[in-house]
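In the two complexes that follow, subunit A is the common piece, with subunit B as its partner first and subunit C second.
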Partner chain A sequence: MNQLLTDTLHTAPIMGTIVLALVVILINAMKKDSLALEYWVSLIGIAANIGLAVWAFPLRGSAFAGTVMTGGFASLTAAVFLVAAGLTIILSRAYIEKIGVNFGEFFHLILMGAAGMMTFAAGTDLVVTFVGLELMSICLYALAGISRRVHKSNEAALKYFLLGAFASGFFLYGIALIYGMTGTTNILGIAQNIAAYKSEPLFLVGAGLLLVGFAFKIGAVPFHMWVPDVYEGSPTVVSAFMSTGAKAAAFAALLLVFTATFDFIHSSMNTVLSVLAVASMLVGNIVAISQTNVKRMLAYSSIGHAGYMLIGITAGGDVSMAGVLFYLISYMFTNLGAFGVASIIENAEQQGTDLENFRGLYYRRPLLAVLMGVFMFSLVGIPPLAGFFGKYYIFVAAIENGYTWLTIVGVITSMISVYYYLRVVVLMFFQAPEEAEAPQVTSGGTIALLVSAFGILLVGLFPSIVLGWMGGLF
Partner chain B sequence: MIPVHYYLILSAVMFITGVVGVLTRRNAIIIFMCIELMLNSVNLTFVAFSSYLGNEAGQMFVFFVMAVAAAEAAVGLAIVIALFRNKQTVNINEVNILKW
Partner chain C sequence: MLTEFGKALIFIILGLVFVAGGLLVAKILRPHNPTAEKTLPYECGEDPIGPQWMRFNIRFYVVALIFILFDVELVLLFPWALVYSKLGMFAYVAGALFIVILFLADFYLWAKGDLEWIRPEPNVPRLDQLVDHMPLRVKGATPPAASPVATSE
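Presenting the complex of A and B:
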C-alpha cells in the first residue's frame, strides 16, 4: 500500500493530468455553457501539473515495478508536453468558437492526449509505451475530426486514423517478436541481455518493425504520407498540438526505447536511421517549396525537422541526445507559434491559410506579422533564436561522432528551407496588402503567441540553462 | 503438443494478409477490419510465445491490446460515420480533397 502511494506520488505529473482531464469532462457534463470555467480549470490545472513535474524532477528512478520512469527525463518531457497543451488550450478558446466546435470535450481530449504523451515518453516497459502511444493517438484522431461537418476535417481524421492504426499494428508486432526472443517487455530487461540476442534474426525483425511504428509517428520519409494531409485538414490548433506534442513524444520515446537500451543502434540500425534522416530532410524541404498553403508548407517543414532530429539519434552519445531534447523544446515553441498565427489568420470556414492571405499582413496586423517573422526565422535557424542552437548542437554532435556527411546534407537542406520560410516574411512585410479585413486577434491568442516568442528568445539567448537541465539525464 | 513455430507461421500469414488488405482494399470499413486482423495476429504471437516461454507477461499484453483495439474501434467507426454523413461514401478513392 505504501509502495503504491509512493509510486503514484512520484508519477504525479501523469496522474495529475489524468485527474485534471476527468475533472474537465465532469464539469462539461454537469454544467451548461461551461466553456470559460473549463478553460480556466484546465489552465490552472496545467500550471499545477508543471509545478508537480518540477517538484518530481530530482526523484529519478522508476515506479510501478520498473514500468514507468520518474523524475529527470520523464519530468522534463512532461513539462514540455504540458506547456504545449497549455498554449494550445489558450490558442484554441477563441478558435473553437470561431469555427463552431466549442464542445466541452475539446479541452478534455487535449489534456488526455497530453497525459498519453507523458506516459508514452516515460514508459520503460513496452506495455506502458504502447498504452501511452494509443492514449495519445486516439485523442488526436478524435481531435483531428472534431470539426465534423467539414469535409477536409473528416478526411484528415480518417487518414490519420487508418494510417495510425496501421502503424500501431507494426509497432505491436515488433514488440511481440522482441518479447518472444527475450522473454520480457521491460526495456531495461531487454538491455541486460542484449548481447545474446543482438544477431538473432527474429529480434532484428522485431526491432525493425518497432522502428517502422516510430517512423510513422514522427513522420519520417518514407512513412510521411499522412503528415501533410492531416496537418492541413485538421483544425489548425489541433495541427499545432500534433506537430509539437505528438512529434516530441514520439521522439522522446524513440530516444528512450532505442538509444537507452538497444545499444546495437550504433551498428546495424545506423544505416537505416541515416537513410531515414537524409530522405526526410530532402523530401520535406524540397516539396515544401512548391506549397501554397501555409499549413501544408509547415507540415512538409516538420518532416524536414524530423530529419534533423534523426541525425541526432543516428549520431548517438550524450551530447546529441541532449541536442535532440533541446531541438524538441525549441521546435515546440516555434511551431506552436507558427500554427497559432495560421489559426488566427484562418476564417470561420477553416479556409484562408494560403500564402496569399499573408500578403501585406504587416500593414494590417503589425504585431502578428512580427511574431510570425520571429517564428519563421527560428525555423530557418538564425541566431540568436532557439532554432539555431537546436541545429547547432545536433550538427556539432554529428561531426564529433563521424557523421560529417549527414551534417553536410543537413546544412544544404537548411539553405533550401530559407527560401520558403523567408517567402512568408517577404510577403508579409514587402508586399502591398490585399483588400481584405484584418483578422480578429483575441487577447488570449496574443498572449499565447507572445509566450511562444518569448520562449524562443529565452531558449536562444540562454541555451546553457536549458542544456544544464539535461546534464546527466542519459 | 504443437510446436511454437506453427503458431508463428500462422500469425505471420495473418499479419501479412492484413497488411495486403490495408494496401489493396478501398472500403474504409474493410481496411479497418484488416487492421484488426493485424492486431489479432499480434495477439496470437503473444499467446504462443507466452505459452512457449512459460511467462505470463505476453498474455497480460494481449489484454491491453484488446482493450486498446476496442477503444480504437469506437473512435474509428465514429470517424467513418462522420465521413459517411457528409459524403455518402466510405470509398477512400473518393476521399481526396487533400492532395498536392
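Presenting the complex of A and C:
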C-alpha cells in the first residue's frame, strides 16, 4: 500500500494530468453552455502539473515494479509535453470557436493525449510504452477528425487512424518477437543481457519492427506518406500539437528504447537509422520547396527535421542525446508558433493557409508577421534562435562520433530549406499587401505566440541552462 | 532444434492443411444440386424479408459502444481477480481506481444524454406542409387527377 502511494507520488505529472483530463470531461458533462470553465481549469491544472514535474525532477528512479521511469528524463519530457499542451489549448480557444467545433471534449482529448505522451516517453517496459503510444494516438485520431463536416478533416482522421493502427501492429509484433527471444519486456532487463541477443536474427527482426513503429510516429521517410495529408487536413492547432508533442514523445521513447538501453552503437541498426535520416532530410526538404500551402510545407519540413534528429540518434553518446532533447525543446516552441500563426490566418472554412494568404501580412498584422519571421528563422537555424543550437549540438556530436558524412548531408539539406522558409518571410515583408481583410487576432493567441517566441529566444540565448538540465540524464 | 516459434509454425501449417483438406474432400464427395430454397440466406427457418445489405438503426451503435465499455471492464477484471490474492491491497486500490474511471465514462454518457433511446417522431402530414413537398414531385409526371389545386398553380 505504501509502495503504491510512493509510486503514485513519483509519477505525479502523469497521474495529475490524467486526473485533470477526467475533471475537465466531468465539468463538460455537467455544464453545457460555455467553455470558459474547462479552459481555465485546464490551464491552471497544466501549470500545477508542470510544477509537479519540476518537483519530481530529482526523484530519479523507477516506479510500479520498474515499468515507469521517474524524475530526470521523464520529468523533463513531461514538462515539454505539458507546455505544448498548454500552448495548444491557449491557441485553440479562439480557433475552435472560429471553425465551429467548440466542444469541451477538445481540451479533454488534448490533456489525455499529453498524458499518453508522458507515459510513452517514460515507459521502461515495452508494454507500458505501447499503452502510452495508444493512449496518445487514439486521442490524436479523434482530434484530427473533430471538425466532422470538413471532408479533408475526415480524410486526415481516417488516414491517420488506418495507417497508425497498422504501425501499432508492427510495434506490437516487434515487442512480441523481442519477448520471445529475451523472456522479458523490461528495457533494463533486455539491456542487461544485450550481448547474448545482439546477433540473434529474431531479436533483430523484433527490434526492426519496433523501429518501423517508431519511424511511423516520428514521420521519417519511407513511413512519412501520412504526414502531409494529416497535417493539412486536421484542424491547425491539432497539427501543431501533433507535430510537436507526438513527435517529441516518439523521439523521447525512441531515445530511451534504442540508445540509452539497447546499445546498438556501431551495429547494423545504425546503418538503418542513418539511411532513414538521410532519406528524411532529402525528401522532406526537397519536396517542401514545391508546396504552396503553408501547413503542407510545414509538414514536409517536419519530416526534414525528423531527419536531423535521427542524425543525433544514429551518432549515439551522451552529447547527441542531450542534443536531440535540446532540438525537441527548440522545435516544440518553433513549430507550435508557426502552426499557431497559420491557425490565426486560417478562415472559418479551414482554408486560406496558402502562401498567397501570407502576402504582405506585415502591412496588415505587423506583430503576427514579425513573430512568423522569428519562427521561420528559427526553423532555418539562424543564431541566436533556438533552432541554430539544436542543429549545432547534433552536428557536433555526429562529427565527434565519426558521422561526418551525415553532417554534410544535414548542412546541405538545411541550405535547401532556407529557400522555402525565407520565401514566407519575403512574401510577408517585401510584397504589396493583398486586398484581403486582416485576420482576427485574439489576446490568447497573441500570448501563446509571444510565449513561443520568448521560449525560442531564451533557449537560443542561454543554451547552457537547458543543457544543464540534461547533465547526467543518461 | 525447434524453437517455440517453430512449434507455432508447425501448428499454423497443420491448421491450414486441416481446413484446406476438409474443404477439398467435401468438394469431391458432395452432390451438387442447388435449389431456390437451398440458396436462400438462413434466417432461423423463416423466409428472408428484404435485402441483406440493410441499414441498421444508428441507435444500435450507441448500444454497441456502451457494450464495449463494460466488456473491456470484464476482460480486464478477470486477470485482476486471478492475482488478487497475491497482491492484496495494492490490487484492490488499482482495481477500484479502474472501476471508478469506467464509472466516470458511464456518467459522461449519461449526462450527455447518449443513453436516451430517441423514438422517431411520427411525421403526420399537415396542410401547411404540403407546399414543401411539391418540389419533390418528378418533373413532367402527370399529376394525380384527384388534386386539381396542384395543377392550377
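Some notes on this structure:
One rule holds for everything that comes next: the second predicted complex is superposed on the first by the 472 of 474 C-alpha atoms of A that agree within 3 Å, B and C clash if a C-alpha of one lies under 4 Å from a C-alpha of the other, contacts with A are read in each partner's own complex, and residues count from 1 in each chain.
One rule holds for everything that comes next: a residue touches a chain if its C-beta (ideal position, glycine included) is under 8 Å from a C-beta of that chain, and two chains touch if they have at least 3 such contacts.
What you see is a predicted model, and the numbers here were worked out from it, not measured in a lab.
Once the two complexes are overlaid through subunit A, subunit B and subunit C clash, as defined at the top of the document. By the touch criterion defined above, A:142 lies against subunit B but remains apart from subunit C after alignment on the C-alpha atoms of chain A. Looking at the shared chain after the overlay, A:127 reaches subunit B, while subunit C stays out of its contact range. Touch criterion not met for A:361: it reaches neither subunit B nor subunit C.
In the superposed pair of complexes, A:151 makes contact with subunit B only, with no contact to subunit C. In the superposition on chain A, A:22 makes contact with subunit C only, not with subunit B.
When the shared chain is aligned, subunit C comes close enough to touch A:30, but subunit B does not.
In the superposed model, A:172 lies in contact with subunit B only, and not with subunit C. Once the two complexes are overlaid on the shared chain, A:180 sits against subunit B and subunit C alike. Once the two complexes are overlaid on the shared chain, A:4 sits against subunit C while remaining clear of subunit B. Greater residue coverage of subunit A by touch, when subunit B is weighed against subunit C, goes to B.
Put simply, subunit A uses residues 180 to touch subunit B in one complex and subunit C in the other.
Listed in rising order, the residues of subunit C touching subunit A in the complex are 3-5, 89-90, 93-94, 101, 104, 107-108, 111-112. Of all the residues in subunit A, the ones that touch subunit B in their complex are 127, 130-131, 134, 138, 141-142, 145, 148-149, 151-152, 154-159, 161-162, 165-166, 168-169, 172-173, 175-177, 179-180, 183-185, 228-229, 232-233, 287, 290-291, 296. Contact residues on subunit B toward subunit A in their complex (touch as defined above): 8, 15, 18-19, 22, 28, 31-32, 35, 38-39, 41-42, 45-46, 48-49, 52-53, 55, 57-58, 60-61, 64-65, 68, 71-72, 75-76, 78-80, 82-83, 85-87, 92, 95-100. Residues 1, 3-4, 22, 25-26, 28-30, 180, 202 of subunit A are the ones touching subunit C in the complex.
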